[in-house]
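Consider the two complexes below, in which subunit A is the common component and subunit B and subunit C are the respective partners.
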Partner chain A sequence: MKTNFKQLKEKLIESVLMLSGAATSITVVLIVFFLFIEGAGVFNRKPIDDGYLLVVNATNKVKTLQPSQVKDVFDKKITNWNQLGGENRPIVLFRTSDITEYYTEEELGANFEHFPEKINELIQKQPGIIAFFSDKYKSDKFSGKELDIDKVKVWEFLSGEEWFPTAQPIAQMGVKPLIYGTLWVSFGAILLALPIGLAAAIYLSEIAQKRTRSLLKPLIELLAGIPSVVYGFFGLVVIVPLIQEMFHLPVGETGLAGSVVLAIMALPTIITISEDAMRNTPRAMKEASLALGASKWQTIYKVVMPYSASGITAGAILGIGRAIGETMAVLMVTGNAAVIPNTLLAPVRTIPATIAAELGEAPNGGLHYEALFALGCILFLITFGINMLVELVTNRKAHKKQ
Partner chain B sequence: MKSQNKLARKKRISQNIAFGIFTAISYAIVALLFVILAFIVVKGIGVISWEFITAMPSNGMTEGGIYPAIIGTLCLVLASMIFAFPVGVFAAIYMNEYVKDGWIKKIIKQMTNNLAGVPSIVFGLFGMSLFVNKLGFGDSILAGGLTLGLLVLPVVIRTTEESLKAVDSTFRHASLGLGASKWQTTSKVVLPIAFPNIITGLILSIGRVSGETAPILFTVAAYFLPKLPSSIFDQAMALPYHLYVIATSGTNIEKSRAMAYGTALILIIIVLISNLLANALRKYYGKKVKMN
Partner chain C sequence: MHKIESKNVNFFYGETQALHDISLSMKENTVTALIGPSGCGKSTYLRLLNRMNDLIDNTRMEGSILIDQKDIYQKNTNVDDLRKNVGMVFQKPNPFPKTIYENVAYGLRVNGVEDKNIIEERVITSIEQVALWDEVKDKLKKSAFELSGGQQQRLCIARALAIQPSVLLMDEPTSALDPISTSKVEELVHELKKKYTIVIVTHNMQQAARVSDNTAFFYMGKLIECDKTKTIFTKPAIQQTEDYITGRFG
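== the complex of A and B ==
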């Protein structure tokens, strides 16, 4: 009886432990599920605000428009319907606020009660009109033609060059500038951090005395412990003005500022992982090299470095991954301009910074909200791919060793 | 003979140059750390006073203190640790003591690694979608604490696993040989020995949690609250978010700069203390075990 109870207890405990063991796996699955459910929603929507209409005269031949075409029309880059496959007729833009140009306040009524019929009348009268208004102004005897707007397409989302998710009448959802911004800033950071980090790793693993090493290493690890928002603050009050002065820029919040801050943040990762890899070089290999008359420096770059190449690569890739996902520090120093960067001395905007800056203002479940989750999916996939790459690099090394 | 000498000299010179550069760079990195710390300490030390840590913010957050942000961060640390510590330690025990090498272990390991690589802003998105919206917790300490808890889970698991691995397996064999069950061995023999190291990991995770900003942006953090949170379903202010807000978007950025330096210093102090404490514990118990 007692042993039975004991066995039951053991089993019970083991299942609790197993459940805890599964926690991380469950979390990853849940993250993927929720991120992609919310993010995929954006591709099932028209990039026009809920409850708003784009209406043309019933005789107009044009039936559907691409989001980018609508934007060009309202930006007056396209001014004639024949550019859109319609008749040769100038386009007349109409937004709700334009109504006073056509009708007096008396005609519209004290409480705008005649508003719907007047809009309808106007659309009938003007063959070249394109009207953007809320569907609460759609009258019962509505006789215009609603334009069909294409849904957001995955390819357009990825390759679009403009990110104005709250633009009216049509939201522009091109993430290309954000992806470029993220990659520019991150690679800039690694370019700065890798040589410096490698030098420090070599010093720590091969040159420094044991005592110096045990003194320096915790300090470098401390760099990793400083919260990213503090780095962002430091960047904002020190590095940004410095860059502004050095390059005589109108604003110091640039991609370069982001790269410098991220480089400082990536250093501990690169140093720790590369140093570990170097210290794993078999002593016999190093001693053989030294015994053949090679100097310590020759041994380092001819024996230790090649041996630990995969570890160093893993460190660098992991550093890039961290940099790509970093949010607060970048948000605070890069200036957040959503344009495709052609120099690191201009403001750029990264994917994480966009999410952090905009999600607070995006209405729950709306188009903008879902677009930001789609950005989250892209970010997740990039970092996931990078982790897999690291795994691959380190595993290949393990195989070689065997 | 002469050319050999020349070669040796050249070798020595290039080595000296290279080593000199590496040494200089390493010390430069450490110097950079001190510059960052010194900068914030010098600018922030004048701001810190008893009032600063015990008073409410006032006058558009340009005066007064950061008391509610400190309390909020404490609540968040507590909430996340209540979740992450037991789950993380149990998971590590399962991984190290129970499950045999095989595909289950491989998958869990891989997934834990993957979770550790997920960017913090993605945790924020996830927490908002699941805890705030789907489960209906709203912006609350519960939602933010759980999100942060999931974020540090891999850290807790990793450090606990390391501590368990460091326990000599002869202890386990001895206990099992005396007829103790697996759980008895784990709870009475392995855990007590590994305990100091596990606590070290806990302290480090606390340091990490208290500085995270992105995950709490949309799950708990409030721009300004005139009162303290009274339940886990309340919003709260938090130190890192407070620093972000007053550094970038306060009502008067110039005037609130001093408050920002003070807040940054408090954050740095938390991180420093947790790191020093963890290191000291590690050293102290490391010596003790060796003496035995």
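== the complex of A and C ==
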């Protein structure tokens, strides 16, 4: 009787444990699934707002245009149809608001009720026209030719150099500046955080007295728990003005400011993980080195550092993993200019900051919305890659110790 | 003239005194065995001779220890140089996670020897000295972890010899080894005595009797008796020593 009860209890605990494990795994898989479904949606869309048309004269030979071509046309970089495979005829741009240049208000009617027929007439009259307007102005006897716009392509999404998802007529969805921004800021952060973090870890594990360490270590671990907005405020109030002063910049909100703030945020992770790794160096190894007349420093860099190399790497990668995904603090201090940075002293914009800043104003289910999810996918892939790297490094360590 | 000379040494781990008024001397080119029950302070004393206890927080040493007539606990003592002169072999073989060659070369490299030929020559001589050459000559570039425990321990001895110390401290160097490896190390000690002054801690009475010239018996942090090994093992002056040696306690 008693043993039966005990067995039952064990079984119960076992299944509860299994259930929570399964629930967690399923949740994670669902999140990733959802992210990718939403993100992939953007590649099934045309980068033009729902319900808007691009129309040309019926005699125009051009049938489809690439998103980038439309952009160049409206930016007046392309001015003749022959550049697009059409006849030699100058391009006449037309946006809804341009209608008053062709017709008086009387002709259009008090409530623009004549707008549809006038626009139809205009398109007929102007062989070189390209008109961008809402399909609610499309009349029944419409005689213009709607241009086909290509869907957003993965490669263009990745390599496009402009991020302007609300641009009209064509949304610009090049994530390259955002990827660059993310990588630059993170790279800068690791460059700053690694030497400092390593130095601090060495100090804590090899040099500091027990008392000092027992004071410092909890303090550093506490740093990891501070909300990132607080780091953002600190960056905004202290680091941004400092950078502006130091480099005589017009604005202090730069990639560098982001790097510094991220470095500070990554430090606790780097320090604690590397310090743990260093303290794991067997005493016998250190004593062997010292007993051979090696100095403390020689012992640190010839024994302790190699021994904890994989731990240090893991700390660095995890620290930077946190940095790459960080949103708030970076949003607050980097200036958020979506241009490809060629210096850390210019404003940049990172992927997480972009998502955080734009998701609120992107209409649910719209093109912009899905584009932001696609950004999320890219971010996920980057951090996933980083985590795999950690796995690899720590696995190799486990292997080596055998 | 003594090679090592300790005078009235007290040692404290925090508040607890581990050594009480130890005065003990060793002559050049002799082997001294330190024996005594577990926890009696043998390792503590041994580690004072190359200032290894400096690494432990919150310890204190009183009295003086002279090596070659120089007080090694003076303020201006260069501890790295001292340890270069006083080699140490530990209880458990502790080779570095490096190649066999690099293990032996380590001490030379950290002591500023850069000439490749000198390093190579010293590495080879040291490995030969511990009678390990035939066993490892074909795998010098292999990890030291590929060696057996006994080979590793001899490698650690070679590593200590490579920097040419004049004193060699051994803390139960054979306690983790099989009988054959043990007798190899013992032979080695016998051989090395010609060049080095050796202090060896051991729990093995036969080993103490076999390898040492003098034996010091420690008990509860005190040096009970130190004399010629033969005297200690045949007619010790103090009853406690006899009890310990004959296995009546400890």
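FYI, the second predicted complex is superposed on the first by the 385 of 402 C-alpha atoms of A that agree within 3 Å, B and C clash if a C-alpha of one lies under 4 Å from a C-alpha of the other, contacts with A are read in each partner's own complex, and residues count from 1 in each chain.
Convention: contacts are C-beta pairs under 8 Å (C-beta built on N, C-alpha and C of every residue); 3 or more make two chains touch, one makes a residue touch a chain.
Please read all numbers here as calculations on a predicted model, not as lab measurements.
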**Study point:** First (subunit B), second (subunit C), both or neither touched by A:Leu191
**Key:** neither
Exercise for review: Tell me which partner A:Met246 touches in the superposition: subunit B (first), subunit C (second), both or neither.
Suggested key: neither
Exercise for review: Considering only the touch criterion stated at the top, classify A:Gln298 as touching first (subunit B), second (subunit C), both, or neither.
Suggested key: both
Review point. Where does A:Leu8 make contact in the superposed view: on subunit B (first), on subunit C (second), on both, or on neither?
Key: neither
Practice item. For A:Leu392, decide between first (touching subunit B), second (touching subunit C), both and neither. Key: neither
Practice item. Count the residues of subunit A touched by subunit B and by subunit C, then name the partner with the higher count. Key: B
Exercise for review: Classify the contacts of A:Leu381 with the two partner chains as first (subunit B alone), second (subunit C alone), both, or neither.
Suggested key: neither
Check your understanding: After superposition on the shared chain, which partner residues are touched by A:Tyr307: those of subunit B (first), subunit C (second), both, or neither?
Key -> second
Exercise for review: In the overlay, answer first, second, both or neither for which of subunit B and subunit C A:Met332 touches.
Suggested key: first
Review point. For subunit A, what residues appear in both contact lists, the one with subunit B and the one with subunit C?
Key: 295, 298
Review point. Which residues of subunit A touch subunit C in their complex?
Key: 209-210, 282, 284-295, 298, 302-303, 306-307, 400
Study note, to complete from the structure: As the complex stands, subunit A meets subunit B at residues 6, 9-10, 13-14, 16-25, 27-28, 30-31, 34-35, 38, 196, 199-200, 202-204, 207-208, 216, 218-223, 225-234, 236-238, 264, 267, 271, 295-298, 321, 324-328, 332, 352, 355-356, 359-360, 364, 372-373, 376, 379-380, 383-384, 386-387, 391
Revision key, fill the gap. Listed in rising order, the residues of subunit B that touch subunit A in the complex are 11-12, 14-15, 18-19, 21-23, 25-26, 28-30, 32-33, 36, 39-40, 86-91, 93-95, 98-99, 107-108, 110-115, 117-126, 128-130, 133-134, 150, 153-154, 157, 181-183, 204, 207-208, 210-214, 217-218, 240-241, 243-244, 247-248, 257, 260, 264, 267-268, 271-272, 274-275, 279
**Study point:** Of all residues in subunit C, those that touch subunit A in their complex
**Key:** 50, 52, 55, 57-58, 80-81, 83-84, 87-88, 90, 92, 94-97, 106-107, 110-111, 156, 159-160, 163
